[in-house]
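The two complexes that follow have subunit A in common; it is paired with subunit B in the first and with subunit C in the second.
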Partner chain A sequence: MSQETFLNYRRFKWLWITAAALVVLTIIYAVDRPIGGRNGGTAVGYTYGTLAALGIVWLMAFGLRKRSYRSSLGTLEGWLAAHVWIGLGLLLLVPLHSGFSFSCNVHTLAYLLMVVTIVTGIWGAANYSTLSARISAHRGGAKDELVVERIQDLSDQAEQLCRGKSEAFLKLYNEFCVPFKPSLGWILLRSRQPKVDASAASGMLSGVAEGERADAVSMIGLLDQRLDMLRSLAEQARIRALLRVWLYVHVPVSFALCVALVVHIFSVFYLW
Partner chain B sequence: MSQHFEIAVIGAGPAGIAAAASAAHHKISHILLEKGEVANTIYDYQLRKHVMDEPGRLPLRAHCRFVAGSREKVLQEFSEDIAKHAVNMVRAEVTAITKSGDLFQISYGGQSCTAKHLILAIGVQGSPRKLGVPGEDSGAVAYTLSDPDAFKAKKMIVVGAGDAAIENALALAESNSVVLVNRGSEFARAKDANSKLILAAIASGKIRCLYGATISRLEGQNALINTPDGEVTVPCDQVIARLGCVLPRKFLEGIGIQFPSADANSVPVVNRRYESNVPGLYILGALIGYPLIKQAMNQGYEVIEHIRGEPVEPADQPLLEERFEGLSGGFSQNSPKITQTLPLFQGLSEPQLREMLIDSTLHEKRAGDVVFEKDDYTDTFFSVVTGSVEILIGGGRKIRLAQGEFFGEMGLLSGRRRVATAVAAENGTILLETPRKQMLKLIASVASVKRALDELFMFRAMQTSIFPDTPEDFLKALVQKAQMKSFKKGEVLFREGEPGDAIYVIRKGSVKVSRLNRSGADVVQTYVPAGRYVGEMAVLQEESTPRTATCTAAVACDTILIKKEDALAILSQFPDNRRRVFAVADERRVQNVVTDWSDEAGKLLDFMMREGLSDAENVLLIDSDRCVACDNCEAACAATHSGYSRLDRKGGKSFAAIQLPISCRHCENPLCMTDCPPDALVRQADGEVVIKESCIGCGNCVSNCPYGVIKIVYDHASTGFSLKALLGLKKPEKGPAKAAKCDMCHQLPGGPACVRACPTGAAMRVNSSKLVQIAAGRRE
Partner chain C sequence: MAFGFRFIHEKSSGTGASERRVVDLQQREVIFGRGGASHVLLSSHKVGTEHAKFFWDGEKLLVADLASPTGVRVNGRLVSRAELHDGDTVLLGDVELTLRLDGSIAELTWLEAPQASIPDAERIASAVGKLRVDSYLPSIRALSIVLVALGTVAWLAYPLGTSSKRQWSSGPISSQHKLIENDCVKCHAEPFKPVRDQECQACHSMSEHAQGYSTFVSQHAGLEMRCAQCHMEHNGDHALISRDQRFCTSCHAEMSKLKPGADIEDVSSFDQHPQFRIEVRDALGAVTKVSLDDSSRAKDSSQIKLNHKLHLKQGLEGKDGPVTLECSACHQLDENFKQLKPIEFDKHCRDCHSLGFDERLPEAEVPHGDSEAVFPALFAAYSRVVLLGEDQSLPNPARDMERDKPGDLDPEPAQIEGSGVSAVVENAREAERQLFTRTGCFLCHSYKEKPELLQTSTNSHYEVLKPGVPNVWFTAARFSHGAHEEFTCESCHEKTRESTQTSELLLPGKKMCQDCHASGRRQGYVSSDCVECHSYHDSLGFPHEKKQDIASYIKGLTR
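Entry: the complex of A and B
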């Protein structure tokens, strides 16, 4: 309905602020020629490291702000916009801090954890901005409970048709009245769409006795409708899952990042 | 040879008994004539009915007893006191009254007597007001109900909104299904206690009440009832109509008593000694618009004191003195001023006036003092007793109101904001502020007040909306020609293509405007709220012009219809007006051709209208395109409101990209506020409707809200530390029930928590004026 989202909040205010900061920081980084090469131990390195650490603490504070329902400090939408763009900025700020040196140690582990957090954040932001419009119950579509009822209805009708019918008829029923249980893989990738295969159905129909054919055709119709609804039900569940599942990675990994960050800082000052 | 008495009292009701007992006490020769039972009206009450003693704060002054209690007890005490004072009561019907010289000649039951003073206290119960609808004479309509137990498991309709109707409905509802037909939208005329009882019964579903409803005809076992939502058919076995009574006017006029107007509602005028225009003839009680028992008895006492030549102040005098305290001159000097200077209240009898004054407040203002601000939600009515007041109507323009004029009438329409600021214009301005409920009572009972206010409404509506640059005289003349026209929800004011013959100024409600689009579908274009007008385009030209759009009432509407020729006459005479109306018409014409109004947007707007959003001051909408179903809005609401969320995101309806959660819309006409016994529902100055601590949890608002946004919740009473409670062995005690709903987080500096807690900006709170933009996909 409206054009403004948390991404382009106030005409990308936080994107511009972050980008401008990064441009300035990159120029300083490029101009700076420290003795011993660029690394986290130089003045610029320390400054950038401090900035990045503060940034991470502030980004973590989003969780607190989200739950401070009485806060009058801006809107949550504004905070989310800042959270997204500043968080993305860290992807560059941290390499600037380390002078792009990575190896197999706790410092790089902290960076990797940060990357995982940010990538899942990107995934979440992408889900937020592409999937919300597809929650059909929000757009006048039937609520889940109602869809479930209708699916049950369709199954009942199909079963009704099966009463006293031949083996071939029941075979047709068993073929297409399949249970549909979406797996996590399906939820994430949506690989296979269950549906009534029209050619297979017409092939099997020829095996059904002449007198039962009309009923068989209507049963195929009912079962197809049922699968359709199952699919849309699963699709809705999938959307709702996608809007949440990323958080189960994003948040725990961000806490792990905090631990790694503390270890990184501690080891730098005491063990280096 | 006929007997002579100093005083003859006709009617042994409360007033008559009190007067006769007082006369007997003072050993004045008297006769009390009664054709039926002692206190006939009370006698006709339902058996064991509780007789109330309102108004509570008024003291009783009489030589006989009266306290609230059962019908039987009250009647018993009256009889005992009549006997105790040896009142000379004669049971006979009065057949003729004539006056010769100073004496009244009274014929009764084949005898006659003469009396120097005649006190008429006959009440009004003799002749009930009829329904006056087809089918009434079928026998299915009764005008009294003495034994409600005579009906069992019947479908009953009770008509009326006064005490009698309420009491009958309540009694019948014990063992019958009862539909109460109320012509108005409230129970303003009823005693407070009755009003609470009936509202509780309606809230609990025990009684179904149709508001704004009238019976149109009775057919067999059905009653056809006109309601704001159209005609409905209600099955019924018996109708009990309690529409009050008509005065025995012919009889009174026969004695020479004059009435102030031909109006059926007008009552004889008496002076403060209750003496009518016929010297020596006094009238008491319901006949002069004073229906309450205690008031009538006080009058009976007072009138004897007057006849005895003893100066006596009315019983309500201390209350009035208190009201006028702090005002220079007090009650005695200001009271005559009020009657002389306020033409609006000249049709009131002295008792009505006194009652109105007891409820009112007088204010002394200095020049520049603000009486009320524009957009306030206060609802009292003001009259200018002395001095003057300026109403600032915007654009630097002012209306000056002098002595005798009145303002604040928009407050009488439930839920309307003040449309302008009122400021005292000179020092020493004295204003009379009357509460809404008292004014509604006067409008309902005094015809001249109703007429004057109706005309004022029309006048002001025209002055503030369509013809602001017209001299008052012209507008007053126009008011006489204009008509009030009401439309039910969904009724069409006029259709696209019809020849235009009138402008409609919308006084109450709102109107949706729709046009046929290129493919011939009727698409909603916009809606026009109260205070504006529709239909101007077609009347701007002399020649007949077709309507360019269809206008339909979005909710029940009151409009003022101004005929084309009357509107044209004003417009041609006053070019400023003409320019203004033309500008509005041009703007709408341009909109008609440039707006790329899609079917979807029209349907969305229509959906919002159907869901009653045109009445919303502040409604929570969720943009489906952005809502990620995180329910942080509900979490925020619960966290800021002691654990109970006042919004249900999933529960509401939705259409296209708009979700309408179940949450308070802070309606312009908040139906929840209609019947709140402790007046706990109040509107804040900025439009929020909030529930105060004084809520008693009766549930009236819950059932009155059409949108289901109010819930009853229980605060858990804090019982301190308890090991049992900790171990779950003792359940926490339920605190008192309270109604809970959205309060717009008026206690939080940042505004509504739901909106601020939405991570994607999907939740928004908007005013109905933004609906058109939202439907069109534009948001500011």
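Entry: the complex of A and C
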């Protein structure tokens, strides 16, 4: 049996609750034939709008619950499960509220901001469920500091071997000792981390003088190890970045959504 | 040319002050290192005692590693010996030298940062920090605050503070109201209040729905009816006049309960529509509504004698030979292609129906349309013959060839006898009697002889009863003949060819309509909700005193 996660929390309890609620709400929506057509201003429209607004406020409250470690309002995992599934449900509830009418205005803007928030949330949730198990530190792997230090050690050792060596030897070093310069692109994009190409290495090795060859082989060994570590460092950095970077959209846009939501409610009654 | 070197060492302290050391060396070979035989001393523990040699080989500048502990890197690449070019960086341990070639002088500059030797732990921490995405981005909190602030200004403060509230519009405005789409206050006069009728009435002058209706609304607290409840704006062009029949049927399905005794039948849809009713006037002139199904009462009470069967016979005797009349010979669409024009004697009847009164005066006719004008016209005609001696009896060969038509006078020619005014009066009175009771007028009209008291020597002694042919039978509804132009008249007015009596109503009932029209959206039928035939209210003429000048109106708009 697979492990329980925030998605399948209590056998998808919140998914079923949300889906059941949406089925009921959709049936009511379909049966309801208000005079003048379906829109946000009918009895069903107002009810669904109120539900959706309360839903958004509750989803925002997750940010508070997440930080209140002493809260007794249910487990954080339960909150997260509900946050995910109820959030997804809003994608349908809000169009049901508006009678699926969209236009170029602050009302549709609020919906779009909600969609952006939810889509980035889906991205984040997908990242968590596929990537979080691959963070090696979570499985007792080495911490970044240790890896960086080890990489530095390996570079130093390789440099030591270069002392007083021929140009052919240094060429080998220059080929395989790629500099370690992390950047946002290096982290986020699956940038190609070089490997020691065995055939290229043996080709270059044959150009190294007989007397330096033993040192060259051990240097390639060191540099190969170093590149392995760089690759794993990049991969770990990328995973951690993916678990983090979606929040840079999800959270600020959700606040913008709150503003748009307030303006939506305010303006609808202002221009009644 | 004298080859040489210049070494510049700039060391900046943390406070911003800097120290500068310049060493000029007029020699072809220079050794950089921490001590020993070095010409240039570099105080760094990562630099070897004699770390590297820079030397001019002919006109080329080269660098060679002197078996240093940390090696020599030119532009990042580890080298044992390499040629140098202007702009290259040479790294000796942690000392970075930038090369500028000034002719035969190689200028090597070391810009030593404060705390040049960063402790390893810190260096590692910085490298690890660069592995975190947060180190490249502003904080989530800052982003949130910026977005909230921008949103509040752009979406709330700006529209509130200016007249531009278009972004708050709930949807596209109808094309009829596009002129005022930027002037929200034209309709939304008061914030947080539903659009009031008075704002609509500033431009539109509409009749009330029904007599006493507003009283009815005011007596029913829950029954709020505003213009904007039926005319829903901001739905583009399709909803300004709502076709939803429930706007009507919510009351009209139970009018018998809501207004008992008002003679308004219950209608819940066109499919459930009661049979159409026409207005029938009784002998006292009182109007009652009678269903078409009530065949004993639903009759055409027009005071006109019309035999459709006879008129539609093939090969009728016409003015210029035999004619076969079609419906459109008499019933024609008006200029708007909607209603039928009223039948006019001069246009539709006169060609065949003469208003002549005396065969001896073949050119003379009485006027149509005014009974009172008949006797004076007759008197004038006979006066001209009898008193003034005009010859009215010239032979008329064309006329002699004609066959009798209904209403034609006795063809027997006769001389007008007698003389003087008494002869004129006698002839005129006789012609009048003939016209009203036997020939011309009588053929189509019913007449009434005036009581003796009202008969004078100069007025007409008969009068034609007003025909009272209704131009529109279904006064509460709207039917466009033009919209049904592609169908034959007899598709709907079925028994016209057999009809001999005016009283026979030739109107189609609702069944006829329901062959094509149905309420709701039944497949294969024209969707026909209430407004298909009925208007909620009529447009009244806009009051003159409220009219405004176009130029100043447009000036007042926000564009």
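Throughout what follows, the second predicted complex is superposed on the first by the 251 of 272 C-alpha atoms of A that agree within 3 Å, B and C clash if a C-alpha of one lies under 4 Å from a C-alpha of the other, contacts with A are read in each partner's own complex, and residues count from 1 in each chain.
Keep in mind that, in the parts below, contacts are C-beta pairs under 8 Å (C-beta built on N, C-alpha and C of every residue); 3 or more make two chains touch, one makes a residue touch a chain.
All values derive from a computational prediction rather than experimental measurement.
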item	value
Contacts of A:S132 with subunit B and subunit C, given as first, second, both or neither	first
Subunit C versus subunit B, contacts on subunit A by residue	C
First, second, both or neither for A:R240, with subunit B first and subunit C second	both
Touching partner for A:G37 - first (subunit B), second (subunit C), both, neither	second
Touching partner for A:R11 - first (subunit B), second (subunit C), both, neither	neither
Which of subunit B and subunit C A:V259 touches, first, second, both or neither	second
Touching both subunit C and subunit B, counted on subunit A across the two superposed complexes	240, 244
Contact set on subunit B toward subunit A in their complex	622-630, 632, 635-636, 639-640, 650, 653-659, 748-751, 753, 755-762, 774, 777, 779
Touching residues (chain side subunit A, partner subunit B) in the complex	1-2, 4-6, 9, 66-67, 69-73, 75-77, 79-80, 127-128, 131-133, 135, 137-140, 143, 240, 243-244
Sites on subunit C touched by subunit A in the complex	65, 67-71, 76-81, 120, 124-125, 127-128, 130-134, 136-137, 140, 143-144, 146-148, 150-152, 155-156, 159, 165-172, 184, 188, 191-195, 229-230, 232, 235, 239, 242, 244, 246-247, 250
Footprint of subunit C on subunit A - complex, ascending	35-37, 39-40, 101, 103, 105-107, 109, 144-145, 148-149, 152, 159-160, 162-167, 169-170, 173-174, 177, 179-180, 182-184, 187-188, 233, 236-237, 240-241, 244-245, 247-248, 251-253, 255-256, 258-260, 262-263, 266-272
